[in-house]
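For clarity, chains are labelled A, B, C, D, E, F and G in written order, and residue numbers in each chain start from 1.
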């Protein structure tokens, strides 16, 4: 079989064996659910309930504000205890609705489309997607309805369902493809329909042969094709994936739609399917809990808003001293300072590492070994960028294409000087934004 | 006065004054300078041709040389100013020869820009003195890192073979040219 | 012979000079191109050494850069102070070193000693980079302490103390605001010189939480708000805020604040009198109200 | 206030890194240099060992002093000063005086490296700066070669036997037109710098580094190809004056320079294209200096000259950024 | 930097500071980075540096004097040609003088005596100072700058001579045991020594500033 | 053949900046951006060559012809100074676009000793006209080369942790020294 | 030498023809010096830009001058005349040999060389004029600016 791939990239140890054979389990409902009003890229939600209100499972509790925004729903039935600032995986305190579940299981889903799916018109599907508060589950949490309604000037001809899961440790997408292939494909069809696209591709990395088989089998009679990509990080990054599969280059600063493509995560496809078919808003998602500091690694279907500490308890607690707690994968995930943060829509993995799993050495000056240059999938010069950022020459960083960086971390992974290249790049981007904002004023 | 006229006047005037002043200074200093130069030439000629008391500038074809005479007026040797390329740049020498050009009576390095301490050591007496009484027939030669054996040989400065070789080559070439016209 | 040489010299130099100057005169007439007159003037002031020491390609380029405000007058080293002075006059640039009525103040008192550190940060040692991942201190509104603010100050007016907090040298601070822009936690602000009472905390965290993690944070107890008769202090979003528009210093609140985050500032040099006047005025206002 | 016991570590992604590190790379370089160095000791005697020790020690001390003066973090743990020290000795003639080595090592570390800010920032190859400085400082010593296997005094470095010195293969070729058989060139039984004579051992060591990608293979490859082709061309033009390509490859410091010194990561270009240009230019200059310059050998000068061009090469070969029409 | 008084009351003090600044605060080589070519080229020995320095003293003083006398009558467009002719005249005089009395020195300094003409210091000072200031101050400025230049040249030449020939002003200082560093007499030695001198100057300035602050 | 030798020698062996120490001041001042280095270098080349041509004529047909060689410096420099000024005006008139981009470097060259140095060397070595021209071009290209290398290095050093006292001119000097070391191989 | 055009300008595509697009941009400070573009008014001008990516009318794009322009201009301005000089010299030599012009030394070819040098400014002048009118002078579209949303990544 032909393996699709891209230039450069890295091969971190995948460590998927910890979790990839663990079937998805339903996680228990905690005593307290924390629903932050920001779980997506875009404007924060406005709370739609007040303290003391009784809420049902699936009830909208935060309204979308603006087009690029997505509503949030209560994943359980219960009572609104407080609306206050609470810890958030992004590292700030963010306004959240705190719900005490009552275990009644009262539901308030949207109208299920059930049998009508085939006759459904794209507009009403889109409104379901919007009302279900679906965001991209691949990590970026970009509101799905926005992505699925491209502007008129940008015709879309290809939909890529991203099942690469190139991040080490994580297996949520893998399990999803194994356990729900049909729902997933149905979801992909729906997205295809919304977009008016015939050409649908599911991309899976070659290290998931079982998933490839399952999906291939399930898709045997439809128009969806399964394409296998080489196991290489960051194969799942959309720009890289589009280049690998279709040989199209998303222009710098552009979006996949600039080359007629929409990329969605497999989880997103499943969520779309459930929302449209069953009327179920995005209130739970599959999360991989893994890492050497977790007793029993596994994959759980988790209510959004569950504090991580509860999930860890279900996974048997921690072993040894946990050194690092990461939301997401080890290459792109965000390190957290406490276990009190809740699972949010974009959380694909909870990774708890012991000291010996990660190396945190002092960084040294760049020795220009060019390992990073040879690994950057975007063909930047990470070494130069990091030096520029270190010298605080923000304008120069822009000229060297800092804004094109996808922050995949390949460069920092290979750097023998252990330079925090991605942090340098993020700092430069932030500074440039600040400067731009100030200039506009 | 218009600006243009002013410009013309000032610059021309200044240029004239400068020319005038300089020609005055030149007139005062030029005899001294010439005397200086001549003195240097004389010194070097008398150095390379021992016994010479007076000399006479001669020209054959395009070769200039000095015929040296002792007090009695008989020719004691020939001083030949020569030059050629060394390691870094031009080397200028004064070579003293017996009247029949068969032996060198002495050399003097007049100008050179070789590396100081290396090629530059060709200006040292130790190197120059070797040429005294060296035979030019068939040609002057150099040896490296050992004492010269034949009477046509001199020892090259250690680490500066190129400069030493250049000196030898310049001497040989010019003696040959001179002997072909004499 | 001498006479001849003098004549020839005079003739050749004079001839050369004449020919060249004629060329220049013609060129000046026919080829000259107009420029911004200020560039010309600036050029005249500059030494004309064309040494390139200013980093520009000669005095002309430097003059143009000056007029376009791409460089500061002090770029020219050979010219010295006098040139700078003249250029300043010509271009009408204000001396930046004159004292402006604003001064920077750091609104955080949670140094190493006062604030809990509940995590370990590894990475680039600048505030902005540490801010990206959350810093080390438990308080998300606290000073990170790597001194980005100090680095940008061109006047050496701000430095880090032993407690890991920046201190503004009021005598040197020009109120340029660079440090304010550099701080990623937004805890430095520009205040008027004669404003004397400030809230030295920026935490919008819940009072109960703040109390746990910082000895000197604003715990939003609202004592200042209730007890101050001037009504200049309000607790907004868990933080006491002073309404500087009220023309009285809320001296009373200072005494009431249990964590001492509302404090009377050190007087700025040269403003001591004004400072005392302000305090007196406020106290008087308070007393008047009482009676 | 006191730290929390179970504090979690915060840092930016990526949270895992591979197990390469600067000390590991430098250590590998040191290891692979040992065979060539040992062979040299066998060839020229224990004096070489003395020079190595002195050179490495001086490098370490100078680095330590500068770093302390500058109040910078301790950098000795990266072993790069040791590499510099060993390589400096490797390119000096066997009888070089000890004080000369000390001077060279100080210059290599202080002027060649620390002045630019220490490891990673230097523009020129520090060991070669040391050697070039010595070449200009003690030009007599630097062109004094000793016949191998005659033994030199272990403490003073003076040759024991009376055959004082011998010309290197390149010098005899250039000045006297005498060639050297290929086998002795390859296995290093000729005169020459301490570490450069045995092409065989140098290649052996570097193959390991190439396999670990610590050496960018494009640089030596393009150097050798250029030298060979150009050498061969001139050989065809004037066979009796110019030696052939194979001679050029294995004579003098080309193997040492091409494999260990031109490939110094810090002072070579970042991009693949840049490496090829860099290597080809070095090869070209080596041939030009060897055939037309005043000196018999030009590897050092060629590498230093091209080191100076690296920033320009890096600028000129910036890769095309994904999704743009050209380089950044 | 000295504050510039406009009145004549402080003329004496100003005069002194105009003179003194050339040695450190406005040292032509170390601060203004002017006149570097002769600086580097001729300083293979202290005596060469001294000679070059004194030549510059003569040329700079003489031309500053004349330029500040005629400064008001020269039209802008021909200012540079005029000044440079005046300077060149003085330089030629020095050159002829050296050739007449110190032939060896003249040879050692080679083509760098004529290059004083274009030496940036001279034209720089002419344009920056002499063409704008009264005769007396121009003279002091010229003397200060050129003596500052001379001192720097002697120091640089001294270092290079010491290490390159183990002598100072021709006297053997370091003894036979010291193997001379020939590189010091070559271009690299010149550049590197001057580089370190600049660094030392900056270091002292930084230290002084720090000490002032406490 | 001789012409080629003169050229190569002027570019590499006797590089004006690195072994003759000519034109150092602008070399230190302007060499911080590659673009400006190239433009400046070409401007120098142009003026050098032009000066080589004109001063050759002056030398041959005035100074030598009338035996007033002591007027060398004065006459050369007055010609160079006026010439540069003239060329500047001329280029500005003929090609405004190019002048705006590049002409700014011209005034900088007047006081560059390289020009006078070239004229004097040419006279001293008794070059023929074409030799003198080639000498000028070679010297200019050599100057450009040194400028470009130096500017590249300085751009790179902007990102390096150079010791505070050595920043700026000091490190530039030392690099020039190291470059001169590297250029010694071409002797 | 190969940096991305430093002065990237934002503009709007007003017409597309083949791989060229007419882009309307605002005249600003950095444009004052440059005459590559046709100005349509004092505040706006139209630039013909090459493009390697599909653009459509109304799209906002970034244009920049292709790198290397400065260096190329330097070559044209300074090196071309020198070539003229050398050609002039040999031409002069040829003429003097051909017509047996008897002037001592190299005076004649030297003068011809200088004349050629100044003559070579004629083509430069023409080129300069042409460049002012011919706005295709290596302007490229380097980027397009997405209208609606920012990049989710």
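Simple rule for what comes next: a residue touches a chain if its C-beta (ideal position, glycine included) is under 8 Å from a C-beta of that chain, and two chains touch if they have at least 3 such contacts.
The structure displayed is predicted, hence computed values, not measured ones.
Enquirer: Can you list every chain in contact with both chain C and chain F?
Expert: A, B, D, E
Enquirer: Excluding chain E, which sets of chains remain joined through contacts?
Expert: one piece
Enquirer: If you tally contacts for every chain pair, which pair is highest?
Expert: Ranked by contacting C-beta pairs, first place goes to A-D.
Enquirer: Farthest chain from chain B, going by the mean of C-alpha atoms per chain?
Expert: Of all the other chains, the one whose centre lies farthest from chain B is A.
Enquirer: Roughly how far is chain A from chain D, going centre to centre by Cα mean, in whole Å?
Expert: Computed value for the inter-centroid distance: 48 Å.
Enquirer: Per the centroid of Cα atoms for each chain, what is the distance between chain D and chain G, given in Å?
Expert: Those two chain centres are 44 Å apart.
Enquirer: Between chain B and chain C, what's the gap in Å when you average each chain's C-alpha atoms?
Expert: 69
Enquirer: Which chain C residues touch at least two other chains?
Expert: Only 5, 8-9, 12-13, 16-17, 20-21, 24-25, 28, 49, 51, 53, 118-119, 122-123, 129, 132-134 qualify.
Enquirer: If I count partner chains per residue in chain G, which residues reach a count of at least 2?
Expert: 1, 3-4, 53, 143
Enquirer: Where in chain F do residues touch two or more of the other chains?
Expert: 25, 28-29, 34, 68, 70-71, 74, 78, 82, 85, 90, 96, 110-111, 160-161, 163, 166, 171, 174, 178, 181, 184, 187
Enquirer: Contact residues on chain A for chain C in the complex?
Expert: By the definition above, chain A touches chain C via 84-85, 91-93, 334-335, 337-338, 360, 363, 390, 420, 423-424, 426-427, 430-431, 434, 438.
Enquirer: In their shared complex, at which residues does chain F touch chain D?
Expert: 34, 148-149, 152-153, 155-157, 160-163, 166, 171, 174-175, 178-179, 181-187
Enquirer: Help me check something: in the complex, which residues belonging to chain F touch chain G?
Expert: Of all residues in chain F, those touching chain G are 34-35, 38-39, 42-43, 45-46, 49-50, 53-54, 56-57, 60-61, 90-91, 94-102, 128-130, 133, 137.
Enquirer: So in the complex, the part of chain B that touches chain C is made up of which residues?
Expert: 4, 7-8, 11-16, 18-20, 22-24, 26-27
Enquirer: For the complex, give me every residue of chain E touching chain F.
Expert: Its residues touching chain F are 33-38, 40-41, 77, 80-81, 84-85, 87-89, 91-92, 95-96, 111, 114-115, 117-120, 123-124, 183, 186-192, 194-196, 198-200, 202-203, 206.
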